[in-house]
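All chains are identified by letter, namely A, B and C, in their written order; residue positions are counted from 1 within each chain.
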Amino acid sequence: MNGTKMRVERLSAYYGKTKAISEISVGFPERKVSAIIGPSGCGKSTLIRCLNRMHETLPRTRVEGQILLDGEDILELDPVHVRRRVGMVFQKPNPFVTMSIYDNVSVALRFNGRHSREDTDKAVVRSLQQAALWEEVKDRVDAPALSLSGGQQQRLCIARALAAEPEVLLMDEPCSALDPVATAKIEGLVNELKNSYTVIIVTHNMQQAGRVADYTAFLYLGKLVEVGATADLFERPKERLTEQYITGRFG
Amino acid sequence: MDRPTPSSPTPRGPRRSRHWGDLIFAGLVGLGGAGVLVLVFAILGVLLYQSGLSFRAFGWQFVIGTQWDVRDNIYGVVPFVSGTLITSAIALVIGFPLAVGSAIFLTTQAPRWMRGPVGTVIELLAAIPSVVYGFWGLYVLGPYMRTNVEPALHRYLGWTGAFNGPATGTDILTAGVILAVMVIPTISAISRETLAAVPISQREAALSLGATNWETTRVAIVPYARSGIFGATILGLGRALGETMAVTMTIGNRDAVPTSFFSQGQTIASLIANELTNSNGPLQYSAIIEAGLILLFISLLVNVLARLLLWRVLRVTGGSTE
Amino acid sequence: MKFDRSARRKLWSHTMTVLAGLCALVALIPLGSVIYQAVLLGGPVLSLSFLTSNPPLPCTPSVGTSCAVGGIGSAIQGTLVLVGLAAAISVPIGLAAAIFAVEYRGRFLGLAISFTADVLTGVPSIIAGVFIYAYFVIYDPSIVFSALTGSLALSVIMVPIVTRTCEEALRTVPHSLREAALALGIPKWRTTLQIVLMTALPAVLTGILLSVMRASGEAAPLLFTAFGSRLGFQGFNNPINALPLLIYNFAESPYKNWIDLAWGAALILIILILIASVLSRLVVGRMVRRMRGG
């Protein structure tokens, strides 16, 4: 059993006056994949966006509670610093459209000062390999990022996040814009990544949670209903709501 | 109506039938549309016709002639083309950084409550009439340039040769500065529009990598908007090239190629304003019209270029503002 | 080491924010200075008779004598006549062109019209004056300098602005509204006039207002058309004054009372234009909100 890498305590988040999530407390174990599931609008994206303080980049948003990363409350740290430690992959692939594949992956390194060309090259190759994209792009790393297919673009975004060497990787429905083949690749990748990173993934697809996650949390109407090992949650749900949701009897 | 989509219920009756009112209406609004198109050709046609005399007299010499000599009746347009280009260049050199800087500030850096109001106020700059800027240039900016700015420029940059001659405050430089003031709202407003049209996903990508506010702007937002900013700048250039009143009142109005930023000069627009109705005969009149034709060509070229750039940027990605 | 770097990055970010903010501040200085100057010098001459009486004869005050300040009545009247006639010419044309470009969009011609209008708004205003002048020199030299030619020159400037702003206004009307009307069997021309145009009316009027304000501030196209006059409206075939023309002619004069008058006129022009700008922004803003909400 690993320690808890991230833990949220009584976390509430608002959009203007609307409370999107309410008093959620849950831990995310280190080097495991945790999935957050729930019907659309349940607050799962809001929750994951709080974890690297992306939520507050939108106008009129507010967060209450604690978000502990290795026991430190990230709400009291510099958000820029937090986001380097907690990387994120978004629903739709969002490569920098003006940049090449290489520049996309190396951009985070450039924020952090001068690296030699050699170091940068190494980091780019390593990240692309970790994201299982290297073999497909090794002959054209200077091609525009937009020349890649949707699935490749999403893996590029994963490589870009990994190049910053985060400790935690957040994935907000990373496969929702992809076809089944690309989805399968990303899922395989997530299984690899948990050897080095703590992964937290939001998905609306219960099968996906079942395939990739060690732990699963079920959110409904902004509240945490149940959390546990994925197999337990799917096979022996404790809450009626959870059972209704996973058996598909939900409005 | 023309191509009913499956989702829209088709009106009853035969599909092809068109109300007679529709035909008349389409004809009428089509006439208005044609009016806009015809206007361009009418302007071109009249200027071409009236510049015929000058064109036959000087041919291409007109375009490369550096003399505008009323006594010998020899007219070349270089003094005014150079005056126009130099003043516009000054306007862009000063105006571009200020305009783009303020656009970046107002879209990505400023506190949210400040963005709308300050943006509106900057755009009000565009609403002030040209002649009022000219008046201000004559009585406020000009004297300030003469007593403060130009002596300092001469002292520190005089060795370049470009800042020599008496500091009068009524010269190429002052006209250029006034033009800078006038192009700022144009460049700033359209840059702001294109910066605001950058998809939020690009911003979030940079932020989630641990970029600071400025790094996000530099890496994700400005590069995405660069062709829009370029288009905005070209549009500002178009405005500077043809600006008349403010320039006429501050440039000194001398028909010669400027040799220094402190030279009195003339732009094509100020030449027309000063001399069209005071010409000493049909040849000079025709030469002024031909100068106007050249101004029209330049500004059409610049505006077509700017609009092509901006149409691509703002129409294609226009939906992503949300 | 790591902390050092992140502190430096943060400092750099703040520095650039401040620099960008300074750009905005510097960009605002001229506006402040223009308004300050106009209020300072134009404010004292304002009065009711300033708005109604005609400009005085030139005069420089000497010991014991004072000069009549006079007013800008003829210029205000002239601007009203010129811009009114120009609007009567350009609004129907521009509105028709806008309707054509929007309601018949997808066709090449529609695109060509809105592109041409866009390009025309960038053509120097003095070219409009040259065009009308050069045309009337051939057509009828006796009325080259007249209210009529002045209005025509202003129309050349207004038509593309009306076209573009009305186009934008019509585009804000949701497509579903048109479909709903057409589905009821209402012919297209009535749908356009009674549903689309009426829905977009506040923005259309705002667009017209903007073009009117732009024309009211133009001096360049009037230099060789309306020409200017000390007197009020003398018929469409005679020269006429306008506020911007008065400012130009008096600003460069050596007479103190004329220069003061010009500052007064500049202040009036600025006030009118600021009111119109703010008004139009409010209307458009509310309209956009309404469309989004509904």
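We adopt the following convention: contacts are C-beta pairs under 8 Å (C-beta built on N, C-alpha and C of every residue); 3 or more make two chains touch, one makes a residue touch a chain.
Only a predicted model underlies this, so the values are computations on that prediction, with no experimental measurement involved.
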Which chains are in contact with both chain A and chain C? B
B-C versus A-B: which interface comes out with more C-beta contact pairs? B-C
If you average all the Cα positions, which chain's own average lands nearest? B
Inter-centroid spacing, chain C versus chain A (mean Cα positions, whole Å): 52
If you average the CA atoms of chain B and of chain C, how many Å lie between those two points? 16
Chain A to chain B, mean C-alpha position gap in Å, rounds to 47
Set of chain A residues in contact with two or more other chains: 80-81, 111
Specify, in ascending order, the residues of chain C that touch 2 or more different other chains. 9-10
Two or more other chains in contact with one residue: find those residues in chain B. 212, 215
Chain A residues touching chain C in their complex are 78, 80-81, 111-113
So in the complex, the part of chain B that touches chain A is made up of which residues? 112, 199, 201-212, 215, 219-220, 223-224, 226
Can you name the residues of chain B that touch chain C in the complex? 1-2, 8-13, 19, 21-22, 24-26, 28-33, 35-37, 39-40, 42-43, 46-47, 49-50, 97-102, 104-106, 109-110, 118, 120-125, 127-136, 138-140, 181, 184, 188, 212-215, 217, 235, 238-239, 241-245, 249, 269, 272-273, 276-277, 289, 292, 295-296, 299-300, 302-304, 306-307, 311
Looking at the complex, which residues from chain C come into contact with chain B? 9-10, 12-13, 16-17, 19-24, 26-28, 30-31, 33-34, 37-38, 92-101, 103-104, 106, 109-110, 112-113, 115-120, 122-128, 130-131, 133-135, 137-138, 156, 159-160, 163, 179, 182-185, 187-190, 192-193, 213, 216-220, 223-224, 244, 247-248, 251-252, 262-263, 266, 269-270, 273-274, 276-278, 281
With touch defined as at the start, can you tell me which chain A residues reach chain B in the complex? 52, 54, 57, 59, 80-85, 87-88, 90, 92, 94-99, 107-108, 110-111, 157, 160-161, 164
